[in-house]
Structure formats: C-alpha cells, structure tokens
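So that you can tell them apart, the chains are marked A, B and C in the order they are listed, and the count of residues begins at 1 in each.
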Amino acid sequence: MDSNTDISPELMFTETDIGRRNRFVENVFKIFFFIMTCLMILPLLLIIGYLFYKALPVLSLDFLFTNPKDNMRAGGLWAPFLGTIYLVVVSLLVAAPIGVFSAVYLNEYARENWFTRIVNLAVVNLAGVPSIVHALFGVGAFVLFAGLGESILAASLTLAIMTLPVIIASTTEALKAVPMSFREACWNLGATRWQTIRRIVLPNSISGILTGVILQVSRAAGETAPIMFTGAVFYKAIAEGNVFAYNITDQCMALSLHLYTISTQVPDVTEGIPYGTAIVLVGSVLLVNAAAIVLRVYLRTRKRW
Amino acid sequence: MKKSQLKSLGVITILALVLYSFFIFSGSSNKDAGKGVTNGDTHTKIKNKGSDTMVNLAQAWAEAYTNISDTVSVEVSGGGSGTGVAALINGTVDIANCSRQVKAEEKQKALENTGKEPIEFIVGYDALAVYVHKENPLSNITIPQLAEIYGESGTITKWDQLGIANSGCRSDKIIRISRQSNSGTYFYFREALLGKERDFELGSLDLHGSKDVVEVIGRTPCAIGYSGMGYATDHVKMVKVAKGQDEPYYAPNLENVIAKTYPIARPLYMYSLGEPTGEAKAYLDWIFSAEGQKIVEELGFVPLSSN
Amino acid sequence: MNFLRICFSFKGRINRAAWWLLNLPIFVIFAVSISIFDSHTQITVGTIPLLILVWIHLAVSAKRWHDKDTPTFWILLHFVPLIITIFLFASPLFAGSWILFPLVFLVVLINVLWIIYELGFVKGTEGSNQFGPDSETSSESVIDVYISLCGISSIIFVFGIFFFVFKEGAGFLFSGLNIWEFLTSEEWYPTSLNNKRYGTFALILGTFSVTALAMLIAVPFGLGAAIFVSEFCSPKLRETFKIVIEFLAAIPSVVWGFIGLTLMNQMIIKVFNAPIGLTMLNGGIMLALMSVPIIVSIAEDALKAVPDSYREAAEALGATRWQVIYRVLLPAAKNGLLAAVLLGAARSIGETMAVLMATGHSVNIPLGPLDWIRTLTATIAAELGEVARGDEHYQVLFIIGILLFTITFIVNLIADLVIKGIRQS
C-alpha cells in the first residue's frame, strides 16, 4: 500500500474536516470559559462604577477630613477613618511579628511530622473560623476575661488573631521560594540557624512577607463582625486633624461599622454619604491590595536567582 | 565621644520621648476612665451608653454639646438598653440610655456593685408609628387587628381581611416587618400589642435598624411595620391607631403623644449612677433645657412639653 | 543556657540582645496593663502573671549586671522608681505639693533611663568574669523559644477560640438546654416572656440553603474561570485575571451587604417581580461573588498541579484541548476541585454581614429562592449587642457559635484531608 504517496504535499498540510471540527469545538469552549470568567469580573467593575457614580456628589478631600455631623446625616468620615487606621495599625503590630515568626517556625524549624501537620491544620482552621465566632472569642477572651473592656485594644487583638493566617500563608510561601542551597551555604560557614535566617532567609523573602503584611492590612480594614462587639462604637466625636485623637483603651468608630449603621440605622442620611463611605472603604482596601501587587511584581523583577 | 555612643544616646532620647508620652497618655486616660467625670481637668469625658432607639438622639445631643463646652466630650455608644443597664451595674458609664424602665432588681444590683443607686430621668417620649407603603390605602388600624397580624397564630394574613384592596400587592399577603427579637422597640411593641402572654408569629423580617424597617417598607407595597415616628420618609405612610374597635383613631404626632392619647408611645429614660454631679449634671441640665429639648423634636421624638 | 534558666535564675550572664528580647515584651505588657487595670477592678486576676513578669525582669537584669561584672544587689536600683512613687502618693509630706511632682518625675526618669542605658546598650566584660564565661550567643535560645512559641500560636488560638466560646456558653449547654430541640425545632423565641424556646432548625436550614444556592452559582463560574485561567490564557492575561480576582476577594463583606441592600434588592424586585428583594437569592448571589475568588484560586492551583506530561501524552494521542481538559485534567484534579468547593462553602457558611443585610433576616423555612431566611451567623450579629451578659439567650448565642465553629472546622478538616490526599498520591 502506498497510499501515503497519493496525498499531495498541499493536502498534507491542509486541515481535515475532523481537525476543523475539533478546532471549532475548542474555540467554542475557549469563548465559553472566557465569558464565564468575564461574568465574574463584570460585577466587580459594575459595583465599583455604581458606587462611584452614586458617591460622586459627596466625594472630596473634605469628606475624608471632617467628622460626621448633623447626627451623622452629613459631614465626612474623619472619626471612622482614623478609627479604622488605629484598629489596623494595632492589629498589624500584633499580627505581623507573630505571623512571620510562626511561618519561620513552620518552614525553618519544624520537621515534617505529625506535630507540624497539626500546626498546619490549625492555621487552615484559624483561617476558616467564621468572623462572627472570632467576635464571640474576642468578647469572651479580651473584653471579659482579660478585662480590656470594649476598646481599640480588644478589637485589634481580635482582628490580629483573625488575620494571622493571611500573614502566615504568604510568609510561608515566600520562605519556601528561597533556595535551599542558600541556607546550606550559610550553614557550611558555621552560621547558626538563627543567623542563617536573619542574614539570608529573611532578606531574600522580604517581598513575600511584605505582601502578606499588606494583605493583612486590607483584610483587617474591611472586617465588621469582629469589631462590632469588641470595640467599635456608633459615634464618637474626636478632634479633626489630630491623628492622636484616640487612645487604645477607648472605643473608636470604624469605616465598616459606620457604613453598616448609616445604611440601616440613621434616618435621612444625605443620599451620597453611604455610597461615599462604601467607596472610601473599598477604595482604601483595593489601594492597599494594589500596593501589594505592585510590590510583588517589582520585587520579582529584582530577584537575584 | 565615639560614634557608637552617640548612636545609643540618640536611641535613648527617642525611647525617653516615647516612654514619656506614653506615661502622659496612659496617665490622663486613667483619670478619665477611673472617675468618669473629673473636674478641673482640661478634657473631660462623659460616657454615655445604651438603647439603640436613643442612640441617634444621644449622639445629636453629644454633637450639639461640643458647641456648648469645649472641655467636655460625650462618648456615645449604642448596643441596646440591656447593654446600658449592664454598664450601669458594672459602673462603667456615667449616663445610661434606656428605652425601658430599669427594673428594681437591676437597681439593687447596681447599688450593691457600685454603692450608688441609678437615678432616673425621663428625657422625652418615643411614639412607635405603624408604617405601610405610601400607595397602600390603609389609613386606620386598631391594636387588636395589629395583634392578629403580628401575634402567634394570628388570624389576619391578607390585606383584604383589613377591608382594603391593596392593589400594589399582587399576592395580597401581608409581609410583616419587625425588629430583632431583643431590641427595646420589639419588646415595647410586643407588650403594647399582646401583653405579656403571647408571642409574635415567626416569619417576619426582623431587621436590625429602625431606618432599615422604613426603607424596606418604602420599597414593598405588601409590607407593614413599626418604627419610631421620627423615621418617616416620603415613601411610607403612617397609619392612625386606635386602642380598640370602638375607640377613636389617633395619628402619631406631638400633640397626641403629649396628650397621651396615642396608644403606642413610651418614655425615654436616662440613668445616672447616683445624683449627677459636675459635668454630668451640667450635661443633663442642658438636655432638659429648651435647646436640648429642641433636638428631641428635631429627631422625631416627642419633647417633654409641647412648647 | 536553656530558656527557663535565662528567665528565672539569678546566676550566670546574658548579653544585651537577650536582655532586650525578654524585657521589651515585659515593658509593653506593663505599659498596657497599667493603663487598663487602673480603670477597672481586675487587679486580682492580673496580678499573678504580672508578678511573674517582675521576677523575670529582675532575674534577667541581674544576669545583665553580672555580664558587666557588677554584683547582684544592683537590681535594688530597679525599685527606686517604685519607692519614690509610693512615697509621693502615700506620704503626707508630699500630698498636695504638686511643685515637687515634676522634680520627682525627673529623678525617676533619669533613674529609669540610666538603667536602660547600662543594661541595654553597654557591652559586658570581654571574656569570662567572676560570674561565668562570655555571653555572646546567649540570645539565640531566647529567639528560638520565641519562634517556637509563635509557631504553635495557631494551635493555641484555635483552642483558645473554642475554649472561650465554649466557656461562655457551657453553663446553659449542660444544664437546661434541650439539645435535640435546639437542633430540630424551628421555634426561635429567645425573648418570649412566658415560654422561651431556642430552636435553631430554621437558622441552620437558612445557613445551608443560602450556602447551597451560592455554591450553585459560584461553582460553575468558579471552575469555568479556573479552567480558562489555567488552560486557555496567555501568561499576561492570566496575571491580569488573577489580580482582578484578588480585588474581588478583597471587597469587604459589609460592602457586599450594602450592595445587596440597595442595588440587588431593587434588581430582584424588578426582574422577578418579587414583593421584596431581600431574599435568599439576594444573599446567595452576594455569597457567590464572595466565595468565587477562593474557588478560582484553589481550583486553579489544583489544575496546575496536574503534571504537564499528562497533557502532553493526551495531546500526542490527538486529543483536542477540550478533550484534554474533560478527560484528563478534571479527573486528575478532582480532589483539588472538591477542596476548592468545600473551602468556598466554608466561607459562605461563615459569612456574617452580607447575609445579615441581604437575606431579609427572618426565621422562616424557605421553600424557594425568593423566600427570606435567617442564618446562624446573622442571628449572633443581630442579637448579641442587646443581650444581657450571662443570660440564657446570651449563652445560646455562644452555643450557636460553638455549632458554627464545629461545622466550619469539619468542612475545613475534610478539605485539608482531601488536599493532603493529592499531595501524597
């Protein structure tokens, strides 16, 4: 049989029917999945666009730097905005060292054994505990047992524990990305474990760690349920422009809770204000996230291996 | 001096500043938190906590009071009447807001715990209005009818049972809007309707805020709900209420509440631990003044007297 | 030198780093406790740990003085501020004379700063002295202990969460609460005056039905997007999509709730001609949008974890891209995809603010997606604020917390086992 020779070279490289059909089917699926992906992204754009459109009349720098007034029907966001910053900063101060060291332990100290698996499982579960259960924990442990009362401190500690897994996860990933050979080289020079970590591992994974820290900030800024009963307050007048207006044993206002209260409890709010609050909240969270992404991309280009 | 020594000196200076500022910070906060209200200090804090119904009012007072006194700031938080009473018992507030009366046993507890008895002040009245959608033809309703709508195994579930044709509502089913089951408003409305024996039927939308109730009704022709009369908007209508079948109907307004003819109105209380002194007394006095009472009216509550 | 000896013994030497490492947390704890304990009446509970901290501070400082070849009794210097302060406030001599206050404060400040300088910044003697050998590496074991403590902190926190939530609810759980009724009765009357009933069946059903609806929407889209991103996308486009998905994940839940309350509410009224837009469907859509990013990222990881050789082998046999996905990738990655769905569901179950605002919050057995419901999480969020501490109702809310914790714990555990299963095979 020399049927091979019957096919002319042109025919050999043109598409058969079955090939054409296959390509068609593939394109159909490709477009189908593409549409599915877009349908997921569309809401994000729509929602931000809608919020922004509705918020436009109230948005200005003043909106950010004046207190809510007229019984929260008008005015700006200074007190809740500063409150959110306090909550985030204090929770970061607690969560960042614990989270980073926790990842260092998991990645550099612990061996693969049952105990490490339990620790890992605990991290996964900590991330999965519902936010309202964290709130209950915050009430039971910090507000009542530790006697902190409802305060910025109690709320921040609750947030810190809640956001810990975010830092642990991205730090672990960053530490894993540092090649083993770096550590071995260092050990061979007689460095101790901690010296290796401090001089080699941490400097080389700082980008991933920072990303985790930034993501923690974005997560902590948006949470409502855990702070509702542990330290956030309906209204509190503070001095405008004074960044030290809160004390960590005080209660504070917070952007997320403020959005909730003005959209469900305060009557006759100026039309744009809830939308403005939402856009400030979403905007700051997304800005922080964007910073994390930029940092990640930038540091990836500077990687030395 | 060596460079390293200079460096450590710098570190020490910074540390000193940090420690010093912390000392001052915590020092000042101690005084405030410990005694609540202090005299002679440049910045005094009055802690005010309690009823969610009153939180708007309390906050408006607090805000207006910043214009009266530069040195006093009032810290307002909601959480409900129960929270306010609990704080009173623990001695962690200066003034507690309450949309119900503090019970005798709670007063006793506060006395045992803090050595001071809660002193009661009525600062205004709140009328609960019954709201429907603005296109709903319903204009009058009686308490027994409301009881049959909201009460457990109640008999009224359709709008035509109230004798009206609610054309905006196709299913004709009454959608009951209520509040979460431990809010002071819920308690009061339930007692006003059903007394102490009967419960509300489940399946109502238990919204979390007085404003939420009105907004939802404004979008829902089938709905009926209750909320403070100050929360009215253009999209809803307040229904006149009568005590019983043959009694006259009264609209929820200032005159009727002050004349005590409107059946679903309650006093709003503030409690201080012991006879109020100093800044707290000044604050309460101001609340009773014409200026303070004007704010009560502005917020849709009913002031102590009509003038 | 082991950690316990560093903390509690008054013998031996340590270096500056170790002194700082142990004392900084002590300083912070003290500073915070001073500002808190003064204001309330918790001193009895807090004093024992504080005394231990004082001991540690003294022991560590004594060893630091040794390091500088100074005898132990120098730690008496640490009591000077305390003595002066007591004198200032107790002695009638000082009472009322506030002119003295700044002066005394200055003396205390100088004393404290000098101690900090001497112990925290001045190096110890070179080589060994009368108290022991050189101390250059003594800080390592302190660091090691700190790192290990942080490492197991997650376990401590998970147990802590369970313990404290359990502690608040335990009283009523073991005496009085009818657990069978709690789980199967639909009558939720926590504030009834004459007949309190704590049945959460409607709430459990609400949680699961809205989660199921959310998964019904989120799973096809999430998996579809994961397939597109991992199999059809150019690397650049993939990066873009991943960033967008990250953004989607970052939107706070209260904002989703707000959208549900305003935009989605009106849309559902218009589109479905429903009497009210705050329904299970509304909550389900919000939850779907919130859990889709988790599903996409985990499913994509699972697809990527399938070795390229599988794809190459299938393509070499003449399979089209779709056939590769359908016949090879999906079966190979099915555990990972299952885990993705489970974790997405766990997120939905635990979500609070969005469902509180968007589902109507009504104790109701739902018969269709346009019925309103109430979830376990939303019940806690709505009612905890106004409940008196220690009350039965308060304890029941914590028992609901235990229930939620258990549910999500089990779901997460299964997801974890499923993922671990892939890694081992």
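Going forward, a contact is a pair of C-beta atoms (placed from the backbone, for glycine too) under 8 Å apart; a residue touches a chain by one contact, two chains touch by 3 or more.
Computed from a predicted model, the values in this text were never measured in an experiment.
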item	value
Chain pair that, of all pairs, has the most C-beta pairs in contact	A-C
Chain located farthest away, centre of chain C as origin (C-alpha)	B
Approximate Å spacing (C-alpha centroids) for the pair chain A, chain B	35
Rounded Å distance between chain B and chain C, as computed from the means of their C-alpha atoms	32
Gap in Å, rounded to a whole number, between the CA centres of chain C and chain A	13
Where chain A touches two or more other chains at once, by residue number	149, 249, 263-264
Residues of chain C touching at least two other chains	35, 39-40, 261, 357, 385, 389
Chain B, residues touching no fewer than two other chains	25-26, 29, 33, 52, 78, 92, 207-208, 212
Chain C residues touching chain B - in the complex, by the definition given at the top	31, 34-35, 38-40, 109, 112-113, 116-117, 121, 186-195, 202, 261, 265-266, 269, 273, 275-278, 356-357, 360-364, 372, 374, 382-383, 385-389, 393
Parts of chain A lying in touch with chain B, wherever the complex brings them together	69-72, 149-150, 233-238, 247, 249-251, 261, 263-268
Residue numbers on chain C that touch chain A, as the complex places them	32, 35-37, 39-40, 42, 45-46, 137, 140, 143-144, 146-148, 150-155, 157-158, 160-161, 164-165, 167-168, 220-222, 224-225, 227-229, 232, 241, 243-248, 250-255, 257-259, 261-263, 289, 292, 296, 320-322, 325, 343, 346-347, 349-353, 357, 377, 380-381, 384-385, 389, 397-398, 401, 404-405, 408-409, 411-413, 415-416, 420
In the complex with chain C, residue positions of chain A that touch it	22-23, 25-26, 29-30, 32-34, 36-37, 39-41, 43-44, 47, 50-51, 97-102, 104-106, 109-110, 117-137, 139-141, 144-145, 147-149, 151, 153, 161, 164-165, 168, 192-194, 218-219, 221-225, 228-229, 248-249, 256-257, 259-260, 263-264, 274, 278, 281-282, 285-286, 289, 293
Residues of chain B that touch chain C when the two form their complex	8, 11-12, 15-16, 19-20, 22, 25-26, 29-30, 33-34, 52, 78-83, 85-86, 92, 169-171, 173, 175, 180-184, 186-187, 196-197, 199, 202-208, 212, 216, 219-223
